[in-house]
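Handing you this structure, nothing more for now.
Which chain is which? They are A, B, C, D, E and F, in the order written, and residues in each are numbered from 1.
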């Protein structure tokens, strides 16, 4: 593989600001980005990525690779938690195993966005429908996670206040990040179809600012991720290993599926990143509410403290190299 | 009069308020963005952007005879999800 | 009238994001935009609209239709509360009638901004002095509201802590939204006159971002408006009817005045929107402080839960059709 | 020592603080952004952008003999505008 | 049980929490963004952007026999930096 | 000197918005920009100024005037507190004298930024390495301040909880504003060197928005500065005089040093502004923590209530005139 890709990624502003945030915590600076500023950027990024994806989806339509790719993505968000659970159950109780499994079945929007930025600097094209895949991978993973809990610990679960399926489904499909992403995607679609004149008026906000806002947000993510490093001691070597090796394995599976789907290298990278990334937004919040028996430090510190930095620093260029090696259309 | 105060995760706030209203509290006040530490570990606001939230501080002034109903309604929630609830004496100014 | 205008308006990003916010509440998503993020956007929109208005006012000067239009706008902000009060007093007590009347005499800056965006997509020109009219309609309505309270309930009013005229006037003229709007207008004027070179340096912030920021803010307005829908049961059929019919009546009066003033269709629409919209920023805050006997649910839920959505969804294109039908210069 | 605590709309906060200072409190603390429910209905932070604001929570530690003056100063405000005021016993750590 | 509450500058919060943890508190809760007035003057949030911060409100529920250790740990900090600390009685709901 | 320069500065948007904020407080408007919105803008400005400085520093390199200028700036941040202390000690106790002295040795990033904007409107070039000077003047001033405290009041200091040198040094070098500034500068350097393609993607955020964001932030600074005016009564005539005369004196010294260094008029103005400005960000926060015996009203109200407004309103054009008169390269 090409080591310059990794270097190239390391010196991009988003990754450098992520490092700056990590460094702030490691050296003991009092730099902090107080709530709700990170929420503002998080809402903005979801809105902008959804809107842009919708615009592009309107142009590409639902033909060709679109539906098979989305279906494959959703299948991965069901499959990954299942085999992750089997691995995790060897060392952890059912609650924690299910919660972490769900986390890895879902996706990290920021990793996806960082991969898009990486592709842009590489001048590799990708399609808007990948955002639809992104949006549709969060809910299945949450549902599988909760099914696993019900299977693994049906009696204990019954002890708590009744948590009806309606609230579980609401949490899966209507949690704020899924809802905003899907909603903005739909708006992008509608606007591209019926109000194309207003697209140009949106772009300074949704498009031009995007890269800078991502960099700013990653500064905060660096701070938060580094604060989680302490929790890793609690997680132990098994979980740390899991949070590097499982993404690598998922990336390999993803690459092979992308090859089967005949995706170009840009879409293939995004597909692989969806498979390899773990959620630290929708899923932890859902698990905190629906599986309070699981320890949040475990699923948050693995997804945010290990897998997320691994993916944006090393993973993205590594997966690109993997794709170049394994995809006939790439390299 | 009694002063009941609860500290619990923001995610369970709606359930707790609903339980209190059914128990018949005359009113309540809520401060969000509360951080802290308890038997279940530390709670910070660092993950607020993810919807995970911090804790909420709930204050209720009510007659002493409402406490039993409140205890019955709130204990299961606090036991299952975590959080603390304490009562002090209070008199209207 | 042209139904495509309504459709056109419905698929514009600001209106779609408003719908998305409403939908979030109706389906039970936990999407929320925590304080003070909406305040940031609200401050930004007032600053930007004032600044742009000031720039344009400097070019148009105070001649021609400018002063008559502003005078007519202020007259409407005195008149509307008076006849609204007479209607409302038939069913409500003096405090509530006065507070709601003041609300409808004043204006909604966001409705105005949405109308400007609508005009831009229609390629219809409008003038900066309309922002001055916007800024000058808030204070008279507040003062009339308080006079109505003093007339209607002089004895009860005396029971509370003394609320001097000085604090009433301060609340009317110096409340934050009026102050920021007028101040930014003055700055725009001064900058256009004496520092034209710095205009270009402001525009990326005040102009380019505007449409996207408006859309983001309307997402929050949709959430807040939908949360008010529950309060409407308390308001009852009379008030709900009032909050649709009164704007329509005010719009008709406004159209006739615009015709008398000889305004072009762009300025006419803005004038009509000022007449037809109701305040949910400055006036409710002023009423909460100076008429605590009135029930905030009533004046907020009517202005924000009914009139505001009605105006931005149906009202703006409807008023445009009205203007096209009744104005000789339009159509 | 006594611990007085007030919960009232942010809009009346300045008037309440002024009244307390005239009554001679040795100090006070204020938490804003408090939501809640009382006889006058629910208070949320949803309209914060409009200047309407939520509630404020005011805490005053003072000698017991100051309470009469505080009661005289604050009761009219709370009766007119709404809000609650309760007193508990407290001792310095 | 006792309810200890502290109000002090956010800048000293870390030192105070560390002292409390060494003293062995079972948990604590913190509200930041508290404004107020005391012997050292007014504290607002106006300078928050500069890192100066406002006050923090700390609540600890603990057994009475922990108070001596807490007093010994916290008194020097409060005397040097300012802030108040009061104790009230509380019982678990 | 040229009075039109002062006028020119007075009608620039940043200064006008500062006035608007001051006016809001003076007339009793309830306009406020709630926390943490000002923090968002403050973080943004530091990030953007650092990043832009880093980009430019990469181009200019460390040759020529760069290192001598930075060394001279650091020397001034050590010297100014020393002679300020001697002046202040004539009327104040050691704690307050040391804290105020440190404040004047350090710098005001917003004054610096406003001076940059002033230079841009004057079409005068300046260099990125001046940002490095800015970043390096904060820490020495904090350290000198604390040394002065130890010298002046060794016994009293000992009464409090032990404040180790490690925490003093961390506060000096790693406080959030120094850290973010230096970090963003380093990122700018790295990106300019290794990832030039991503510069254009950052500029809409870091560059285009800058002037508008500065204006918005100065609206808040005007509010905060005006709220400090009341504290000035406590400060008294001596301190008020100090906070105007000391900057003037420092500006004169700075002008002579700039002349000695052979700086062009743009860099000279920035150098002078660094000498003449006083910190209201890093230093007050550090002093509040490490010298609690000093009265914050004194060092904040002088730096923020007098020196800051003086510099951005009158000082910047005045210093420009001084430079034009005294520098052979200027005028």
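As a convention for this text, a contact is a pair of C-beta atoms (placed from the backbone, for glycine too) under 8 Å apart; a residue touches a chain by one contact, two chains touch by 3 or more.
Predicted model, so just to flag it, every value in this text is computed and none were measured.
Considering every other chain in turn, the ones in contact with both subunit A and subunit C prove to be F. Here subunit B and subunit D face each other with different sets of residues for the most part; under half of the interface numbers are shared between them. Summary of the copy comparison: rotating subunit B onto subunit E for the best CA superposition needs 120 degrees, to the nearest 5. With centres computed as the average of Cα coordinates, no chain lies farther from subunit D than A. When chain centres are set by their Cα atoms, the one at the greatest distance from subunit C is E.
Subunit C and subunit E have CA centres that are 45 Å apart. Averaged C-alpha coordinates give centres for subunit C and subunit D that are 33 Å from one another. Centre-to-centre, using mean CA coordinates, subunit D is 20 Å away from subunit E. Averaged C-alpha coordinates give centres for subunit A and subunit E that are 39 Å from one another. Listed for subunit C are residues 30, 34-36, 39-40, 175-176, 204, 208-209, each touching two or more other chains.
Each of residues 31, 33, 48, 51, 88-89 in subunit B touches at least two other chains.
Shown are all chain pairs that touch, namely A-B, A-C, A-F, B-D, B-E, C-D, C-F, D-E, E-F.
Considering their complex, residues 7-8, 11-13, 16-17, 20, 23-24, 27-37, 40, 117, 120-121, 204, 208-209, 211-213, 215-216, 219 of subunit A touch subunit F.
Subunit D meets subunit C in the complex at residues 9, 11-12, 15, 33, 41, 44-53, 76-77, 80-82. Against subunit D, in their complex, subunit C makes its touches with residues 34-36, 38-39, 41-42, 159-161, 175-177, 220, 223-224, 227, 280-282, 284-285, 288-289, 292, 295-297, 300. Subunit D makes touch with subunit B in their complex at residues 4, 6-7, 31, 33-39, 55, 57, 67, 70-71, 74-75, 84-89. Across the interface of their complex, subunit D is touched by residues 1, 3, 26-33, 59, 61, 88-93 of subunit B.
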